[in-house]
Each structure stands twice: as structure tokens, then as C-alpha cells.
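Going by the order they are written in, the chains are A, B and C; count residues from 1 in each one.
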């Protein structure tokens, strides 16, 4: 029997009055947004109880398109806002959408502490290696030698492996996927949403208009196709000509642990003290 | 019980075992990973050993998670040398899946072999040769008549359905053990004791019932007239017509759908809006819908429409 | 709006520091969330609430930095609870962007700023009153804000409660501003006996389809959507239309910012608070806040004893500045004296308000509080000159 998702129509989850969205043609963020909405649909998460908190940048704008309780906050701080929101309202399902600059540069401190604390949040970091909204400046994940508007001679800084960072900081769940694999992305996000602690999911997304163009990476479709050959999944390395990313980054579920969830631990400690 | 049938009835009595059994008795158990092939073979081996026979059991397993083929050779007798059964020398072939049963038929003795086969169909991924939803699968096409012509005694039993009706489809292999018990001369208490010792405590009741079902079904089938293969084993054929709904106002002409469609059935029109230009090629795989960053494409699979072949 | 049951407020007299009074006030105001970061001289508020809040079913969290603490407070308030953070000058500087967010997106919250010597790390353990403009204009862009400046432990308790009330009523951040001396000095405080205040947030109700999250009532305050109530709205720091979605339409932008200012105007009767001591006939009016005002109070008595007509005007609500009350209190004044622990901040505002009057400052930047004698001397000098 052919299996499909007959009941999932992404448009049911979008604020249609906001469409078409403001992202550039071919931007990978739309695919990531679809995967998130698909995952939410399959888990039957009540949108009245869903809060999506986002930061600033192209990724930060995505919250406005989701038909839920959405909060577009300040640059780098969505995890901190979400921490307050999730602690104050444990009945809500809180999802954070952030970008590589938002999450790893200006918001890097909040990321590592959110990982350490392990409060139940799902953090979706869309990594397109660039500050797209501000016109294509170098970001903490820009690959070495890449051209950006602030690295006119090629990036000389080494880049962050965000997942390795999250794992080291103790995140309960860490995973990575490329936008090309929408169903796999959806499955990964589902795992993250179901994880009882802090879930960090990195989505490798394409910025075609700014990053791709500046670096002669071809059309949107070529960039998507190259995710298989040139982007990191190690399984495809044999068929690769020249990896454009300096490191080999595995995809899928990268870490999962059963550390105590922060909110529950906090409430348990308070209850124990009250009982004395 | 029209869901099951015997293919060729026989009035032959159970195989007699005695000290005079000169040659080893060969039972080949086959199926798909996860069905319980190994359990069946262990029950049989244990039973034979308790009966005083020398037993050799040889198996390929480890495919449980992959849905791959699994088989187990059980040989017992006063003296057994080889652990495997040569082609054409199996006295009984017991299959937990229809196509696996057919795959191993040449191992059965053409003159005296007994074939007991679950009609359960597990279609391997590589049998799906067309991406078109509802397209025919390359599953075994042999009919029941062809099978019955090949062997002396054969039973096609819908053991999985019977186990499902008992509330636990995992007991299908025990239904088959019940069937097997009618062709081997171990005593019923021996059978029951051994089966009970191999199933989880919580499932003893359902497995005992499953065993009886299988045993009684064969007894009935031996007296009933032969009939066709159960209808359930025929492929279910649903035809789908993929249809694309494109929201023009949302399309930003990125061409990802055009370039990544495996069938190349999309193009940008004069206004640079994605359009399905070769609907007959569309398999409804949804790649365009998934990869459209602008949510402009929605693939509908309309079921129960005239088959695409007919439309052409 | 419902009256809040404050029956759990302790009526007994207690020896409380200003910071302890603030923590107790927050609890009695119905605050259930605190996020903070350690900084002298405000840490006692956090320490105390780390004990009190979990007992009362609330949440205390120490965040990774000052910015995160402010963000978490706004996040908690977006979830519908009354939330507080406390800090001092350097931390307050870091919080500014998110205070601006709360002002722009109209998220109620209370921020305590215990002033210490600056600039930069300055004098962590010494008092100062140099954050007067930081509290008002610290975040970028135009925005209105309420700043309350209590002068005693008892008043900190009351003003903390009032801060929450105003935040909830006006949907705005409210800053509680006081100095290190008041924060860390203990005083006998008789709690309770205070009339119940009316401040629960105005929640959105009615049909979801026609609901617009920033469509204000006549008082300029839009009812707030509570997550989980089914309104599924968007909140953003971008300038937005009534729908809550970003807009740069000139008319919309102008109208929205105008409303932000107008809503505080609408509630000025609730917001304004001050104390005027012997100003009726005063020829010299001392204008001061916090610890300087307490020294000035004694100076007034000293000057009066000498026969000088000296009064004290003490704005308890610092921003918006109670300018009408100031004019009234200074109608006979020939000169104004502004003693403060900075190089001249409150004086600038008084000069702006009273352009036809002589305004003198008495500025101490040594890290010590100003003494009554210093103020009395300056006031006497002014009184004899005019």
C-alpha cells in the first residue's frame, strides 16, 4: 500500500494572509519550516498550546508564518525568552527557531547554557553559513575560504560545529539534517519534539541568493542537489568531488541522553522543600 | 474458513518415526526476518532431541530488523552427519511467508514432501519496480495450482490472519507448528509441553489456542475438497492519479521543482511559474511539494481513478 | 479587573532591608517569576526570592547573564505571569535592548535597578543616583516607560507592588530605581495595612476571528492574548500594525508610537506619585529622590528652625516626571536646590521644567551619601540670596 501523509497540508499550519513569505527564491528555510510543521502535525501538537520563539535574521522571521502563539524576539535571545516562557508555562510546547548567527554568535552563551540546563525546549537552528538578512556577512559557521561581504579575501576563521558544541554542553538531544531530505528532517524534528529535555537540531540550509551567488555555487536546485554530494553526510563521501565544507559533518541523531529535565527538577526540589 | 484452503488433500497418516528410521528426517523452515522462523525450528529440534534423536540445526538469521529472508534446517534421526538439507531432500517445508515458501520449493522432495505455507505476503522493497503509487509489484505470480502440481502434498494456510483473530499476529508461527504437528509423529502432550516452554509466559494461552487452530485446520483440510489460493494473497491494486495544485502567487520561480523532479515533468511557464507539463509522467512522489521552499505545490493523489495505463 | 487577595501579606512589623522589602513586595504583588544574575548591590533580592518564590509555587532562575535574565522575564510575562528581575547599573545597561522590546511589544514586567557608583564597573558597594537618564532613555528609539524612585524600605515594599500594578494596567515595563544605601540598610517596616490594589492583566476575550492583538481599548491599552487561550497571535519587536504583524506603513507606525505615549498619559492619575513637604510657602524648594531626599527632609526642618522658608519636593514617580505637582509645589519658590549623587542629572530635568527659576545643584560624586548638613547649608545660602 502506498504510504503518504494524506492529512498533512502545510497550508493548514501557515498564516496564509502572510504568504507568500519574504524569503528569497530557493531559500532552504522554507523546506525546514515545512519539516517542522509536518512534525508538529504528525505529533498532533495542539497549536493553541504551541509557542514558537524566534530571534532575528532570516530564520527568525519564520515564526510569523506559523499559525500558533509566535514570538519574534531580539537578536540572539530567543532561547532566553523561551526559557522564561517554558518555565512560567510548563503546559506549553515551546519551539525555538534561530539561525547560525543568532544562535552561535550573539546568542552563543544562551545556547550552551540551555544545553547545560536541559530545560524542555526544541531548538531548531537553521544554518546557512551566512548573515543573509544583513547582506551576507561572515558567520560563525561560514566555511573557510568562502567569500562574504566582510571576508572579501576569503574567510580565514575556522567554523563552529554547532552539534559538537551542543553535545559537549550536555544537550539532551542533538541531531542534524540537510534540507534536501525533508521527510528525514521531519522525523528528526519529531524525535527532538518528543525528547523530554533540551533538543538541539541543526538544519543545513541553503542561502542561494546571497551566499550561493557570492561563491558561484550555482542555482538553487544545484545547491540542493549538491547537499547530497558535497554537503556532509559521510555516507555520500565516496561520490564527492570536492567537499566545500571543511569538515565532515554527520547527519541524523547524534546524541541522546536521559539527564534530568530542568523544569521538572526545579519543581521537584521546590516540592521537596515545601514538604519539609 | 474460506480464507484458507488446502491445495491438495491427502489421507496419508503422519510420518512414522521409530528406531528403524534409517535416514535423517529433514524439515526446512523459511520466512522473513521477525516472523519467528528460529522459534519454530528450536521447538522442533528440542522435541526431536527429547524424543531421543540426534539433531542438527542450521540457520541463517540476524535479518530480523531488515525484513530479509531467514531459513533454518532441522535434521534429526538416529545418526545425522550433515547440518544442512540438500536440494530435493526436505521431507517437510514449512514457510511463514508465501514467496519465501515458493523460493525454497526445489528443496522439497517431489514425491513425498509436505509443503505447509502461510499465505501471508511480505513484499520486499526491490519488488516495487515502479514509483507510481499502486503500480503492480514484482511479487511471485505462481498460482496455487502450479504449486500443487509440483509437490505431493501442500497446504496454504492463512496462519497470520488466524493468529490476528486470536489477538496476537505474532502467534502465526505457532499456528504453523500446530499444522506441522499433524504430519510428524510426536505425541500431542510432547508438542504442547515444548511449545509452552518456548513462548513468553504471558502468551501461553494465546499460543496454545494458536497451536490447536493450526492442528485442527489441517485435519479439516485433509477431508475437504481442494480449492483455490485464498483471495487475500492476491495483490491489492489501487490506482492513483497524481494531481498538482500550484499556488501561482506563492511561486518564486526558483526552479527547484523543475530541476529536481525525477521524472522531469515540471517546467516554468511564460510567467516563470511552475507548471506540470507532463502529467502522465508524474508518479506523485511529492518531491516537488517537499522541496518547494515557498509551499506553492501540493500533490494530490486521487485514488480509485481509472488506471494510468488505461488513460494512455 | 479583579481585586487581588493579599491576605497572605504579613501584617507584622519586620526589620527589612530595602532589597528584602522589594522581594516581599514582589511576592505580595503576585509575582511568580524571577530571573536574575548576581550583581552588587541588588543580589539580596535574588537570594531572598530564591527561597520565597518556590515556596509560593513560583519560579526562580539564575540565568547565564543579565541579558538572558531580562529576556527570560519578558518571556515569562508573555506566558502570562507577573515577572521581576533585579540588577544594578552595569547589568541594567545590558538589559536595555530587551527593556525596549518589552516597551515596544507592550509586555508588562518589573525591573529593579539598585544604583551604584559608575561609570563602568565603578563603585559596586557605594551609592549613586547616576542612572536617572539610563532608566528613562537607556534603550534605543522612542518609547515611554515608568520609573518609580522609593526612598525607604517601607516605600520600596509599596512601590514594588505599585510597580507590578502599573506594569499590568499599562502593559509596560516599570523600573524600580533606588540607591545602594536604601537597598542595603535595614529599617523597621510595618507590612500590611495597605489597600488591595487592582491589577490583573487585561486578557483578550471574545471571538478569535476578529481579534487584533494591538487594537487598543479607549485607554490605549490593548487586551493581551494569553498563550493557550486560542488566539495564536504574533508578537514582535518590529514596528507592527494592530494585527501584530510587522508594518512600516508611515501612518501605522506613527499611530502606534503615539498610542504608546498616550496610554501612559491616560493613566497619569495612577502613575504620578510624589511627596511635598512644607512647600506651600517655600521660597526655596529642594527637589530630591532616594537617600538624598531623606537627607533633604532633615535639612528642611533644620532650615525652618532657622526661619528659612524651605520645602521639599520628592518625586516618587520619577518618569514620567510629575511636572504639574512640581509646578504647584514651587509656585512661591524663588530658587530650587537639587541635591543628588551624580554630576547633575535630576537638575537638568528641573531646569527644563522650571525655566524661569533659579535652579542650583548640589552634586556629590565621591561615593558617599549627601548629608543633611550639606543640604541645609546650601539651602540656607540660597534662601539668603533670593
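By our rule, a contact is a pair of C-beta atoms (placed from the backbone, for glycine too) under 8 Å apart; a residue touches a chain by one contact, two chains touch by 3 or more.
Because the structure is predicted, anything quoted here is derived from the model rather than measured.
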- prompt: Most C-beta contact pairs, which chains?
  reply: A-C
Query: Of the chains shown, whose Cα mean is nearest the mean of all protein Cα atoms?
result: A
Message: Measuring centre to centre with CA averages, how many angstrom lie between subunit A and subunit C?
response: 38
Message: Nearest whole angstrom, what separates the Cα centre of subunit B from the Cα centre of subunit C?
response: 75
Message: Residues touching two or more other chains, restricted to subunit B: which are they?
response: none
Message: Could you list, by residue number, the parts of subunit B that touch subunit A in their complex?
response: 133-134, 236, 238, 240, 249-250, 252-256, 258-260, 286, 290-296, 298, 301
Message: Can you tell me which positions in subunit A touch subunit B when the two form their complex?
response: 1-2, 4, 6, 9-11, 14, 19-21, 23-31, 34, 179-180, 182-183, 208, 219-222, 224-225
Query: Which subunit A residues qualify as touching subunit C in the complex?
result: 15, 18, 47-49, 51, 53, 63-64, 67-74, 77, 80-89, 91-92, 109-110, 112-113, 266, 269-270, 273-274
Query: Tell me, which parts of subunit C touch subunit A in their complex?
result: 32-33, 35, 54-55, 57, 59, 61, 63-65, 67-69, 71-81, 83, 97-98, 101, 225, 227-238, 245-246
